[in-house]
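So that we are looking at the same thing, I have put the structure below in structure tokens.
Chain naming follows the written order as A, B and C, and within any one chain the residues start at number 1.
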Amino acid sequence: MSETIPSLLLKNGRLIDAAQALDGKFDIFLVDGKVSKIGIGLEVAADRTLDLEGLWVLPGAIDLHVHLREPGYEYKETILSGAQAAVAGGFTSIACMANTMPINDNAAVTRFILEQARAAPAKVLPIAAITRAMQGEVLVEMGDLVAAGAVAFSDDGKTVPDSKLLRHALEYASLFGKPLLCHCQDNALFADGVIHEGMIAAQHGLAGIPALAEEIDIARTIMLAEYLKVPVHICHLSTRGGIALVRQGKARGVRVTAEATPHHLFLSEEAVVDLACGETLDEDLKPAMLCYNTNSKMSPPLRTAADVAALRQALADGTIDAIATDHAPHEATEKAVEYDLAPFGVVGLETALALALRLVREGVLTPLQLVARMSQTPAAILGLNDRGSLATGMAADLTIVDPECEWVVDPEKFYSKARNTPFTGWRLQGRVVRTIVDGRVVFSL
Amino acid sequence: MGFRRKDLLGTRDLSADEIRTLLESAESFKEIAERPLKKVPALRGKTVVNLFFEPSTRTRTSFEIAAKRLSADAVNISASTSSVVKGESLLDTVDNLQAMAPDIIVVRHKSVGAAHLIAGHIGASVVNAGDGANEHPTQALLDLLTISAHKKLGPGLRVAIIGDIAHSRVARSNIWALTTLGITVRVCAPPTMLPRGLENIKGVEVCRRPEEALDGVDVVMMLRIQLERQDRLLFPSLRDYAAIFGLNRRRLALARPDAIVMHPGPMNRGVEITSDVADSEQAVILSQVSNGVALRMAVLFLLGGQGHE
Amino acid sequence: MTGNIICESSEMGRILERIAAAVLRRNQGRQKLALVGILTRGVCLAQRLQRIIREQSGLELPLGSLDITLYRDDLAQATHHPVLRKTEIPFSLDGATVVLIDDVLYTGRTVRAAMDGLIDFGRPQSIQLAVLVDRGCRELPIAADYIGVEVPASTRDRVMVRVAECDGFDSVTVMPRSASPVSSSGGE
């Protein structure tokens, strides 16, 4: 990073910055990878000037929850391909989960990830496992991992079933001010479930995953955080009951935060038998198999329409703090199998922001709330003081969006190595046209 | 009128017209079983592959006899002899089959949607002979064919289905087919084997106790209880299950006097059904088996005996 | 209705009486004589012949109906979707003389299929063929034993037989194929 970064003047864009409560036409001057000045009609000598008339300028989006698959599963995704997908989707920072092979449960793996990330266009933030090999038995060396660059701890994909161990993990992590990102799931109730335990499961004989499987563990996790007076973050809320638990926890003063994924905000269990889920899909891109399409399979599963509505409400009222993608790339042949044998998970980096813009269009979120949920709060949850806002002195991480641009989701055009999106053929409005990281344009449409 | 599908994957999306066409054709095929020469040349030169990933003697044999009576070449492939054990994916297996140019593939698989996956992948017609706990359409249709010999199929008829509803594809296919014809279906199972939400299906009544389900019904369908469910803590013991849910003379007396008793087999005598009931005048369990061949002939004929564009 | 009318109700009755008489004459003294109609209109004609024979001679001939769908040689090419009807032959064919009855004799393929079907039921002593109309254009070496009326027609023509039991009235008409929409009514 020794070479100098040309200064950049962004003119006439609509700056939307929740942290500064700004929403209006401002010029932004970026120097040395930082925000130097914000103002109206800035007259400065810049190496380069971009006229952003008609475009939105947002603090770079931050994804708390992605799976980059490297090391170990490079055929699904690499740190480089995942980061390319991220900037194409407007994400300037992505936090990657620990379930690689080997698992990121020691400083060597964390350092490897950061080393690989040097060539990546987005900022990659390694999340370390909570327990060794994610076996739920022994804590990782948290101090060593934090020193190596881990930003948080998570056994994502698994819960930590032993409550005493989870207690100690919460306590010990608080020493470093690093959050635990908890995947909440009662394993016995989850059992061999593949979709939400509801009408579709009942009618189609698919093994169900009750909402309860998630809620019982959310309750336990919040109770521990409350008792210990430490922060905790709940991954991918999907049920009304889970929302209520977080809402009540917050009301009691528990330092609990929560995220929701775009797929849980847009799709219900109906997608298992009709992936289009009421959407008019592009005829040329429409998947051949809409019923039992394995891109409707994720954990937690798609819930009911009432849960989708509740998630949107909770996102609007702040019960849900962040939109996170749970970007989970899988290779095509891994998903082209029997429904119950298919791996859980879908990709999300390249569709999340456009879907969030649709929430704005549908009146669920204001533009400022969108920025709060996708940049400001994720930065706060991870304790990243240099981003999440475009105030003077912050990192020059920006996402520039054309709110009117119409496009169709075509996985063949993804930067991600994976194609497993449930949104193939969706017509979306609002698209990332430029992504800037540390003052450099890393993506241009 | 008519049946113009490439595949028969379930009864869920069949119209009443399609169901009646299948039953009427099957009715005609019943006659062939009574001929001295039980073979017609309708599917001569066609290849029917029975692709069974789950062990099944009854259904596979029934399809095999049906195919042979239609003069088709029937080939049986079972999971134990196929390359599945070597880790080949389902679609790879199907691609290999496709190279042998089958006209109809009859598939049974433990995964819900396996037949749909295959049907979407190849040009041959696919008959679902059971996909997990989802559907087993030919069983439901042969059950309707059996009922129709004794009762008029339509509104006013009441059918009780008793047993492990949650894990039963036979129950689901019957629920769809029966309710499509306007028939009332009462389902009854231990709460551990009753999926939540069935009561929302139009025409379905959920009963807590078999006595309630049997009261005044025209048809009683008992489902096989699988011992492995006991290992998964869904019921305490077969003895307990038999005592509460088993069909015996006393319980059967609650149904209409002319009620018929059905069972998709294989039966656990003394568990879900007592021997005296299974062997009684009211039991039509063996007609189900013979109707199975006629019904499957009709299905193979209607799928295979038409030109696809 | 367009087309050239070959015969109507009263004439059809006379034709069937003539066929009935010929059947009786030729099969005098036979022990096991039976009638089998080919579905659909062949069965109606067979029922009428059975009645006329009863009236003419007092003989009550057994009557069967045969659906040839399963024996057709064009199933794979058929663009329509076959509907199977019920074959009913409630008597033994072994050693019997069977008079097979159809409305129109054309290519001969239907009769070929019907003979295959009959033979699956037993071994008749002999099979005879009675048709209301022989329109020519045979594709197989088949000839009728009893012919009601010969209507030389080209492959471009459509010969339609209507019988009261199925169609509400009796008639035989010939019309150019293009003039009539292809429908299920009227045997050919």
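Quick note on the criterion: contacts are C-beta pairs under 8 Å (C-beta built on N, C-alpha and C of every residue); 3 or more make two chains touch, one makes a residue touch a chain.
Small disclaimer: the values here were computed from a predicted structure and weren't measured.
S.K.: What chain lies farthest away from chain C once each centre is taken as the mean of the Cα atoms?
M.R.: A
S.K.: Based on mean C-alpha positions, which chain is nearest the centroid of every protein C-alpha shown?
M.R.: B
S.K.: What whole-number Å value describes the gap between the mean CA coordinates of chain A and chain C?
M.R.: From the centre of chain A to the centre of chain C is 75 Å.
S.K.: Just give me the whole-number Å value for how far the CA centre of chain B lies from that of chain C.
M.R.: Computed from C-alpha means, the inter-chain centre distance equals 40 Å.
S.K.: With centres defined as the mean C-alpha position, give me the chain A-chain B separation in Å.
M.R.: That pair's centroid distance is 45 Å.
S.K.: What residues of chain A sit close enough to touch chain B in their complex?
M.R.: 197-199, 201-206, 208, 288-289, 291-292, 333, 336-341
S.K.: Under the touch definition given earlier, write down the residues of chain B that touch chain C in their complex.
M.R.: By the definition above, chain B touches chain C via 1-4, 21, 24-25, 27-29, 31, 35-37, 39-43, 45, 70, 298, 301-302, 305-307.
S.K.: Note which residues of chain B are touching chain A in the complex, please.
M.R.: Contacts found on chain B: 12, 89-91, 109, 111-114, 116-117, 120, 132-135, 166-169, 172, 195-198, 200-201.
S.K.: Which stretch or stretches of chain C touch chain B in the complex?
M.R.: 67, 69-71, 75-79, 81-88, 116-117, 120-122
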